[in-house]
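Note that the chains take the letters A, B, C and D in the order they are written out, and that residue 1 is the start of every chain.
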Amino acid sequence: RHTLFEFLLRMGDNTLILGHRLSEWCGHAPALEEDIALANTALDLIGQTQLWFGLAGEVENKGRSADDLAYLRDAYEFRNLLLAERPNGDFGKTLMRQFLFDAWHYLCLQALLGSSDRRIAAIAEKVSKEVAYHLERSRDLVIRLGDGTAESHARMQAGLDDLWPYTGEMFIEEAPDAALAAASVAPEPSSIKAEWHSLVAETLSEATLKKPADGYMHKGGRRGIHTEHLGYVLAELQFLQRAYPGATW
Amino acid sequence: RHTLFEFLLRMGDNTLILGHRLSEWCGHAPALEEDIALANTALDLIGQTQLWFGLAGEVENKGRSADDLAYLRDAYEFRNLLLAERPNGDFGKTLMRQFLFDAWHYLCLQALLGSSDRRIAAIAEKVSKEVAYHLERSRDLVIRLGDGTAESHARMQAGLDDLWPYTGEMFIEEAPDAALAAASVAPEPSSIKAEWHSLVAETLSEATLKKPADGYMHKGGRRGIHTEHLGYVLAELQFLQRAYPGATW
Amino acid sequence: MAPEERAFQERVDAGQKIEPKEWMPEGYRKTLIRQISQHAHSEIVGQLPEGNWITRAPTLERKAILLAKVQDEAGHGLYLYCAAETLGVSRDELYAQLHSGKAKYSSIFNYPTLTWADIGVIGWLVDGAAIMNQVPLQRCSYGPYSRAMIRICKEESFHQRQGYDILMKMVEGTPAQRAMVQDALNRWWWPSLMMFGPSDDASVHSAQSMAWRIKQNSNDELRQKFVDQTVPQAEYLGLTIPDPELKWNGEKGGYDFGEPDWNELFEVIAGNGPCNSERLGARRNAWEDGAWFRNGLTAYAEKSAARGAASMAAE
Amino acid sequence: MAPEERAFQERVDAGQKIEPKEWMPEGYRKTLIRQISQHAHSEIVGQLPEGNWITRAPTLERKAILLAKVQDEAGHGLYLYCAAETLGVSRDELYAQLHSGKAKYSSIFNYPTLTWADIGVIGWLVDGAAIMNQVPLQRCSYGPYSRAMIRICKEESFHQRQGYDILMKMVEGTPAQRAMVQDALNRWWWPSLMMFGPSDDASVHSAQSMAWRIKQNSNDELRQKFVDQTVPQAEYLGLTIPDPELKWNGEKGGYDFGEPDWNELFEVIAGNGPCNSERLGARRNAWEDGAWFRNGLTAYAEKSAARGAASMAAE
């Protein structure tokens, strides 16, 4: 049960933190269509967070609500990928982060459609259409901007180079993974690595971007060892629940 | 008593919030000497906060410690000048904010040396040497950078123009001021206006900077109506006390 | 009056819609462009004060609702820019006017959002006032504007209910929450009343706009209606309207209320409000920082078109 | 060995201090520059991980202490750059080496500070290890370095006590606080052991540095001393050292302990640590963004000098 709970936190923490980062753009995107698209993606991700955390609270069975899980844990209790908490940078970096994440997210959800846990399969079913659309969109923009002007190309490449060391973590086995895979609850992280790489390689090639060499890879997010950025995200995200404990909103 | 309490909060909120802003620079200043000087100024300001809030808690007499006042009030309970919460901007803007504040702070403390409340006079006595040094330093840098290169001049002028609309608030009478002045506890805010203007005008002239016209002036800080920035400052500043209520550190 | 102008006015008087390709007086076109673009800009700038609380929304549900709302507002901006474009002005031109300070947006968005209660009050009062202004515009004489307004009004009334719901929850909550709501009302009440514009005697453009059915009610009429609608809601929430002159007038069947500080309104319009420079600065930065993005997409589109043409030619 | 080199070595062996203007072997000068500047850079970069918690320090007192500490570190940087300057290299040259990645700083600062407990643990372990390294350097053969070290060591031991004090308070606190402390120890233990450098068989430069009295103890010696000093402190705090091989060895009168993951150390030195690019990026940005500031001060100084000369000439 604890293993399952950890898995659900991972899923919800990814969507919560990335949704937070996207919503930081509100009103500041380079085109109105992008303001709308970013808000829409953030909205999907927050909705997904509610689903994952709702189930996590149920599985944990200690009476914690989805909001409790979002608002009343400190950084070391978060299980998101470090990629999700990377600062936005320029809009190109934000899009690149989104594409790298969406590609993983999509493949992960595809695998979860066949989860032996029906509740997980049902959530995956429900959200995979949203995420397929996120991927379609971010992939398309990466291609267009990579193959746009010299400046847009350079910015997308810089974003890619900067974020690449945060992609290795997606495929690392952590303690709970073997048990989850054995029970057919969730795929082993490494099982989607090849597909992710080929999807990314194909997109980058179409975008005329250079796929970085696989060098040093950051890790730790799924074990609660984050970057220094997450603490600031949570201070902001959780302020009201922390400052007015027990209040209803 | 409530009037006195409000006055002490004002003093402590100014030093706390400005100290916070300065400490955001830690390790990022343009020269090692500036890292040291900024940390030193922030340190003085935090020390002064402890004095003002210590007395405020005593005067209020409800058992609130200096830390309670710093960490457990929300933005609308803060009484600092809006100037203190302005974002740092570039280093020139940070220095300009410091100079504009120091000039006011120094004159205010000089007046408080003669407060009929001995505890206030004692704090003013204790901290006015520190603040005299802050003023000496920020004034000197404003002059040197204003009269430096074309770029340093332009940056200092931009900082000045941007911050000037936040200086009018220093001299506005709010509800408690008349009573405080009548009891000789604290000067009327307007009483130091002329001296501040002449000190600032003289410095800016030496710095070859153009004193902006007195146009629209922002206000509200001392009534708890802040800018949108203060909430973010507090979310960060108060995180640990809010997230771990009642813990001792 | 020229014959075509007379024919135009007759159609307007008969309640017919004017469509983009049809003849219209130059003043009509100009007035519409000014009004629609000002409205569009307001939607865009209006993202900022609410966006300020998305990352700090107190629950996941509230965060989702606020995201959806801000997204709707950007969408409204989009409809309205499209409606303006039918009058022969491009979105980029309209942006340029906004960024240069030539075009205005609703002054209400130059006030800061200081607590979560502000998000509720904006929904309740600001969207409430906006709806009051916009409902009659659904019957406006210009077709594209009228249709945009029908869509917008439906969503806005949803937003208003959500704002009121935030406040309901908060006034049922702790004393601190109730105090936040009252404080927010105190700050937003007068700016909301000023959303209807200056009082009728001081208002320019009104008569002609009415004749053209671009405007259908006077500022004071709408303001009165807004007050009459809002006061009972405030009472229901247990809040005090910060106007000592407010009282029921049985004779007129509405409330008497104090005069807003028009000076403040003119100051804010002139650029001297709490957040003018930050709001406009944020929009300018977004636009300038995003130039590379828009240029990149354009370059890609041109390359693709060229490739398409080349492959057609090769076939 | 040349006669002057022999005379030099004899003075070193006799425990005499070498002063800036005196003759010294080129290798001695170079080694010192490398070591002192690396130490100076470490103080400067070391501001960043601790600075990360100043704005979030949990009490005003802790905030003041941390500000004072970070200020001390910048001050240490200043002494050390001055000491390096006596060897004929400017601070700007040393910065350039840092920013280009040519010069190193202590790898420990490439780890993130994730909770307030990290601030305590840095004081306790990182400053503790630093002191262990630095105490013998007070007797180093180069005068300016030795004197800088005397000043620095005094302040560092103060910092170490403050760090330990943070942890004392936290382990007496709530279970969450205790868990934070243990977690911080788990993350910082091995990197702290690696602060003494590779084990003796793998360490270069050491023999010559010892002969020159730039280094006085072997890496392994100091590491052993550190472990022996730290384990009882951890026990006192009720913490578990994250090393299953750790145990008391009565025969040698010290603890046996596991081998650090040297691979990790070499990776971090090579730039592949959790925060390398952020730390170096922050320093580079600070330097580049501050160019206008330094240029402004220089320009003013030149103008003032010119004015002074002009007024002298006029008299």
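Of note:
One rule holds for everything that comes next: a contact is a pair of C-beta atoms (placed from the backbone, for glycine too) under 8 Å apart; a residue touches a chain by one contact, two chains touch by 3 or more.
Computed from a prediction, not measured in an experiment: that's the story for all the values here.
Here the chain-to-chain distance from chain A to chain D, counted in touching steps, is 1.
Should one ask which of B-C and B-D has more C-beta pairs in contact, the pair is B-D. Mean C-alpha positions place chain C and chain D at a centre distance of 58 Å. Averaged C-alpha coordinates put the centre of chain B at 34 Å from the centre of chain D. Distance between chain A and chain B, defined via averaged C-alpha coordinates, is recorded as 41 Å. Multi-chain contact residues of chain B (touching two or more other chains): 74, 231, 235-236, 239. In chain C, the positions touching at least two other chains are 56, 176.
Chain contact topology: the protein chains form a pattern that is neither a line, a ring, a star nor a complete graph. Interface note: chains touch in the pairs A-B, A-C, A-D, B-C, B-D. Residues 74-76, 215-216, 218, 220, 225-228, 231, 235 of chain A are the ones touching chain D in the complex. Across the complex, chain A meets chain B through its residues 74, 231-232, 234-236, 238-239, 242-243, 245. The touching residues of chain B, when paired with chain D in their complex, are 16, 20, 23-24, 26-36, 39-40, 42-43, 46-47, 49-50, 53, 66-67, 70-71, 90-92, 143-145, 147-149, 151-153, 155, 236-237, 239-241, 244, 247-249. Those residues of chain D whose C-beta lies close enough to touch chain B in the complex are 44-45, 47-48, 50-51, 54-64, 67-68, 70-71, 74-75, 77-78, 81, 91, 116, 166, 169-170, 172-174, 176-177, 282-283, 285-287, 289-301, 303.
Every residue of chain C that touches chain B in the complex is listed here, in rising order: 49, 52, 56, 112-115, 176, 180, 183, 187, 267, 271-272, 274-275, 278.
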